[in-house]
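See the structures that follow.
Paired with chain B in one complex and with chain C in the other, chain A is shared by the two complexes that follow.
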Partner chain A sequence: MYKIIIPTRYLLKRRITYFAVMAVALCIFIVLVVMTVMTGLVSEFKQKNHRFAGDCVVGTKSLVGFAYYEDFIEMLERADFIKGVSPVIKSHALIRRRDSERYTRVEIMGIDPAMHSLATGFAETLYYHKDDVSNAFRPAYDPNLPGCILGIDLELQRDAQSEYTYQASPARVGYSISCLPLTAKGALAQAGTDMIDTKTFYYSDNTHSGLPRVDISAVYLPFEQAQQLCMAGAEKRANAIHIRFQPNVTLEEGCSKVAAIWQNFRQEKTGADLAYLLDNVTVQSWRSYRRESIAPMEQEQTVMSVMFGFVAITTVFVVQVVFYMIINHKRKDIGILKSIGVSDFDVLELFSGFALLVGVLGSGIGLFTGWVFLVKINRIEDWLFERFGFQLWDRTIYAIGEIPNRVELKVVVAIFLSAIAACLVGALLPSWKAARQRPVETLQVNPL
Partner chain B sequence: MAPAMRGGYLSEGVPASDTMLKVFLWLRYLRKKKIVFLSIAAVAVSVSLLIVVASLFSGFINAFEQAAVEAIGDVVLYPPTRFAKYPLLIERLEQTETVDAATATMMMVPGLLHVGRGTGNVRPVEVWGIEPGRRDKVTGFKRFLLKQKNLPGEPTFDIPEAPEKTAGFVGIGVLGEPNEQTDEYDPAMAEQMIGTQVILTTGTASQPKKGDAAEPPIKRRVLLFTIADVLQTGVYQFDEACVYLPIEKLQQTLYPEDESPTAGQVLIKLADGAEPDVALAVIRGIWRNFVEEQLEGDPYLIQRTQVETSKELQKPFVAAYRKQMGILLVIFGVVSIGVILLIFCIFYMIVRLKQKDIAIIKSCGATSRSVAVVFVGFGACVGAVGSGIGAVLGFIITRNINVIENWIRIIFGLKLWRSSVYFFSKVPNEVDWFWAGRIVVLAVIAAAIGTLIPAIVAARTKPVEILRYE
Partner chain C sequence: MIDSMSKDNVILKAEGIHKSYRMGATQVKVLKGVDLAVKKGEFVAIVGASGSGKSTLLHILGALDKPNKGVVTFEKRDLSRFSGGELNRFRNKTVGFVFQFYHLLDELSVLENVYLPAMTGRSMLGWLACRKWAKNRARELLAQLGLAERAKHKPYQLSGGERQRAAIGRALMNEPQLLLADEPTGNLDSATGNGILEVLEKLNRAGQTVVMVTHDERIAQRAGRIVTLVDGKIEHKHTR
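Let's turn to the complex of A and B:
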């Protein structure tokens, strides 16, 4: 009983304890807010990358691409663990709006929109054809014209609230797209005239993937037309195949199965004319495929965690000092307890329990205030923007929507446990010293 | 009432004067209460963290602004369309005291570069038409060239072995990717590519004839050139995509119908000490006169031409970065309140433990105010010492940040700084002394504030209560 009564009494009577609680609460508050926002941003970014790439990508970085992709797709479609497969043409091109002299460089992605939506989350990124993705390349104003889908930042301007203003239907705008067709050997194709590798497409829809580099430079074209623009030669080639697995298949399991199918396919094609193009093809999960985009954000999250780890050491020291003070002040209490038979271990346990109480209380306050702040964070930012023109992130520069504020249980648990551990560590030395005190020294009357 | 003194001392070993008393007590508490070192350490860690964060951000922002100046000079004259007779304009600009050097350019024409025969290595590029000698005067361009940087004279596109060939400079990132582990380019690989012929494809719309309402035909333009040198600026965006060609050759390729030399923009270096606002006004005036005299006074050219400093052009991005820096400093500053709490706790503990000392001092005639000043002053000293150590630590970490980053890569296999993400190949490592000074001063004040309540408690000590026999 005394192990409960005494810590509670110290908590209520010793106002200095409130400072330890405050220090813990302050650290917890800051860490919760920063980690929730960072985790939310990283998580959102990863989801967008996953949606863009599908589960697995079989492809090559070379713009020449690889042949016999149709045979490989047949093999994949026979596998029951695969939900969707989409071949893609990837290349670089120059695009010019028909009423402008200015050229811009873009990245072409030639796709079959229905297949691509089955393999990735492509349909969700469209605006006008979200529910009718198979007609994504048919402009609403004239379905007979060859359509193209532009990255949203190529066509529209983002405002200060990170919103875009859409028209009721896409404007009738033509785009000249010029490509550099390559042969299977990687050489430039002979062009008969200057116009032969330039084609006009008509704006049909936007894609808003949420990935800045995609939204500012991607242009989707019908697969066959992109193939004609970018690839010369009789044998058809593609640059990548995006794959989505069935829901009950894990990523690792799915990718290793695809890799096994690829190995078989590669062996089957040994001796074929363009088999050498298969040498540079890799099988990657979406995480590896988008590693260049994702890794920096994950690293920043790690660095921030480490930095806050150092800062949290301050909490340990505050707790240590407060306990040192309390124990010094309560030497006689400890002496009396020990003189009536309380062991060293019990004294240690008593003060560890007190540290636990401080940690739980401080964490509780910090987590609660942090949660409340996070719930209101977007409203606070809106208010600051309306009153003072201040935004945490300028939405015309950063491709961020609302500030992520979903508190994740694992983050809360991790922070809570860390705070408890910090308090226990901080109280360890003073508690140990208290346990080692000798009653005969602490209870003697002090001479003047 | 003055304390009794023997030979200038209150009692053996205790000096009489107020200042001496303070210093004596400070040193004594420092020696006896080792826990004070904890508060010094906490202040040092906090200060060094804030200095490092402020310096890295400031360094990045400065490098960002400097990269813009090195790419496009101090001022850019940017008409809405290309214009003729630019040599005359440049001559007039350089005649003013405000302008040190000027050069014409065709900026950022998008293209596709086929590098290496039969390899399928096609890279999207941004093509700049430049006058290499003049550009070097405006931007210090030559020091980025791998082959020519140590050669005397101006940089040149000429290939001595084949003077008739069209030559160009290529960014090192166009020729190959940086090493996955070290994020460094291989200069040897780049130097091997010097002398290689590459094919640039770009496009242009030829100008329609006057009165012709038909849309201008789109023309693909192909240009073969030889790599005369390779550029490594340390700015990822330029290294991975830039190709530099002679402006005359680029103009002939893109706009063969132009009868006289044309340029898209003019890059200007201001004279030392020139005021930007004054310089902009002078340049605008020269441009207006030039258009009126040489370009038929085209009002479209006069009104729609932008004349901006390169820093002004980067302003929205710099403002966003400064905001991020401010927010991060505020976050770490708030967390540093924990340090103030720590100092408060330590000093409160000292005051409580040393109540008898304080009571004795007060009973010998020291005022409450002087007792309070002892502790506040001690707190300020702790803050000063901690800040000093923190500043030194912050300086060492900041100056060696690239070494530290490299060690983290070697030990943990984690490449924290990538040029493809953070623009620059090296972490900026200049200490921002302005921010360091502010942080040090704030830390000293914060430490003094942390000791305020303990000092008041000490000042209110009643000797008669503390010293009576229990």
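Let's turn to the complex of A and C:
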């Protein structure tokens, strides 16, 4: 019982322990807030990438694309683990607003909006056709005109608070889209004459994927028209097939099944005229397909984790220094306790209990204040912006709405246990030193 | 001398105790073959000049320190053969220490300081089972020592004499067979010191075995037997 009473009294009576508690609390506060925000940002970013790509992508980086994709889609559609399949044309183009002379480089995405919405989360990113995705390429002002869906940042401007100003219906704006159509051999079509193919499309909707690169450069066109614009030759080609699995199918399982179907398909097509185009086609999970985009975020998260490793080391060091000071101050008490029969191990336990108390209290304070701060973080940021024009993340640069603040239980538990461990590690050496003290060394006035 | 004592009555015996300390490059021999026997119910004073090794001897007798050579037996059991756990139990249950500077824990109240040995000698469950008894015993001791009103005070709120009486209370908490007092009046004025000696005398009259270390011959006169330590050896012993 004294192992509880004495550490509690030390904690309450010795002001220096408040520093240890505050140091732990501060570290925990910082770790919780930054980890929650960082984890939230990364997880949100991954979610957006998943929504953009679907579960699996069979495709090639070559702008030439690959042939026989319709046969492959048929094979996929027969598989019961597939929920949706969407062929996509991908190419680069120049876009010019009809009332402007300025050209902008964009990435063409030729899709069937209904199929693409079944394979990916495309429909969720639309504004005007969220619930009528099959008509997404029909401009509300004239459904007979060829429509295009623009990445939101191509058409709308964000205000400082990340809000877009939408009109009740899309404005009648025409865009000239120019592309260099490629043959199946990879050569420019109509070489020597009019190499550039230009068509006019009308703004029918915008897509807000939350992925900055997509939102600022993607232009979605109807599949067939994009195919005509970007690809030349008798055999139809596509650049990618986006796939969504049934909900009960895991990513690994689904991707390996698709890879197996692809292998069969390739064998079937051996000897076909354009079989060589299938050589560069890969089957990738959405994580792998979007790794260039996700990897830097994950790397940033790893760097943050390493930095928090240093924070943990600092906590250990602070606790160690405080415990050295306390134990030096309490040498006499250790001698007294030993003179009344307290063992070395009991002394070790007593000071470890003290460290545990500091850890529990510090973590408790840090987690509570961190949680309160996170709950209010968006309000605090709004207030700072209104008062001082300060924003943690400039919304004109970062594609985030609110700062993520959902505290995850597993993160809280991990932080709490790490803090306790850090305190125990920090107190271990001084406690062990205290336990090894001989009572006569501390109780005698004159050693003789 | 040891042989001449009634062997059955001897509770504590030290034979050929040697103890030396290293001080820088030199080895200082403090005890050079001390023989001492203490009978049950005796009040023995060990007298010696400062640095003569009397405190060292007391610590060895109470198992707070170990001799380099020689044997200490308590009720015919050799302390050097005790395991760590047995030594801790010996210090907790069999011996009570009173120090010159009281050595009370500042964070605990006087009452808590007194019942601390009862708490440290038991597991948490053991303590929960006996805490009522322990608190009552501590209160009784404080009442006997004239500190009933000071039970809830902190040590720093007491006078020197009161602190020493609280320390005596702590030493007596587990009803030890042997009370070891190291200069118990050394830090007190003569009137207060006299009060402490009266407490020790009273305890001794009630059957408590007491070994007291002092450098003051007049204080030593209050004991039943005086042992003088000179140059690391027992010089002479005389009984009052």
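As a working rule, the second predicted complex is superposed on the first by the 439 of 448 C-alpha atoms of A that agree within 3 Å, B and C clash if a C-alpha of one lies under 4 Å from a C-alpha of the other, contacts with A are read in each partner's own complex, and residues count from 1 in each chain.
The rule is short, and it goes like this: a contact is a pair of C-beta atoms (placed from the backbone, for glycine too) under 8 Å apart; a residue touches a chain by one contact, two chains touch by 3 or more.
Please read all numbers here as calculations on a predicted model, not as lab measurements.
A.B. asks: After the alignment on chain A, I want to confirm one thing: do chain B and chain C clash, or do they fit together?
C.D. replies: Overlaying the two complexes on chain A (C-alpha atoms) leaves chain C and chain B fitting together cleanly.
A.B. asks: Check whether A:2 is in contact with chain B, with chain C, with both or with neither, and answer first, second, both or neither.
C.D. replies: A:2: touches chain C, not chain B.
A.B. asks: Which of the two, chain B or chain C, is in touch with more residues of chain A?
C.D. replies: Counted on chain A, the partner with more touching residues turns out to be B.
A.B. asks: Tell me which partner A:411 touches in the superposition: chain B (first), chain C (second), both or neither.
C.D. replies: After superposing on A, A:411 lies clear of both chain B and chain C.
A.B. asks: Touch test for A:178: chain B only (first), chain C only (second), both, or neither?
C.D. replies: first
A.B. asks: Angle chain B-chain A-chain C between C-alpha centres, in steps of 10 degrees?
C.D. replies: 90
A.B. asks: Who does A:292 touch here: chain B (first), chain C (second), both, or neither?
C.D. replies: Touch status of A:292: first partner only.
A.B. asks: Working from the superposed arrangement, determine the closest approach of chain B to chain C, counting only CA atoms, in whole Å.
C.D. replies: Closest C-alpha pair between chain B and chain C: 6 Å.
A.B. asks: Overlap of the chain B and chain C footprints on chain A, residue-wise?
C.D. replies: 445-446, 448
A.B. asks: Which of the residues in chain A end up touching chain B in this complex?
C.D. replies: On the chain A side, the touching residues are 16, 19-20, 22-23, 26-27, 30, 34, 62-64, 91-94, 96, 98, 101, 103-105, 107, 176, 178, 180, 182, 185-188, 191, 194-195, 197-198, 292, 296, 299, 302-303, 307-308, 310-311, 313-315, 317-318, 320-322, 324-325, 328-329, 392-394, 396-398, 445-446, 448.
A.B. asks: Which residues of chain B touch chain A in the complex?
C.D. replies: Those in contact with chain A are residues 35, 38, 42, 45-46, 49, 109-112, 114, 117-126, 199, 201-205, 215-220, 316-317, 319-320, 323, 327, 331-332, 334-339, 341-342, 344-346, 348-349, 352-353, 414, 416, 418, 420-421, 467, 469-470.
A.B. asks: Within the complex, which stretch of chain A touches chain C?
C.D. replies: Contacts found on chain A: 1-2, 5-6, 9-10, 13, 332-333, 335-344, 346, 438-440, 443-448.
A.B. asks: Within their complex, state which residues of chain C touch chain A.
C.D. replies: Touch list, chain C to chain A: 21, 28, 30, 50-53, 55-56, 59, 62, 64-65, 84-85, 88-93, 97, 99-101, 103-108, 112, 116-117, 119-122, 124, 127-128, 131, 170.
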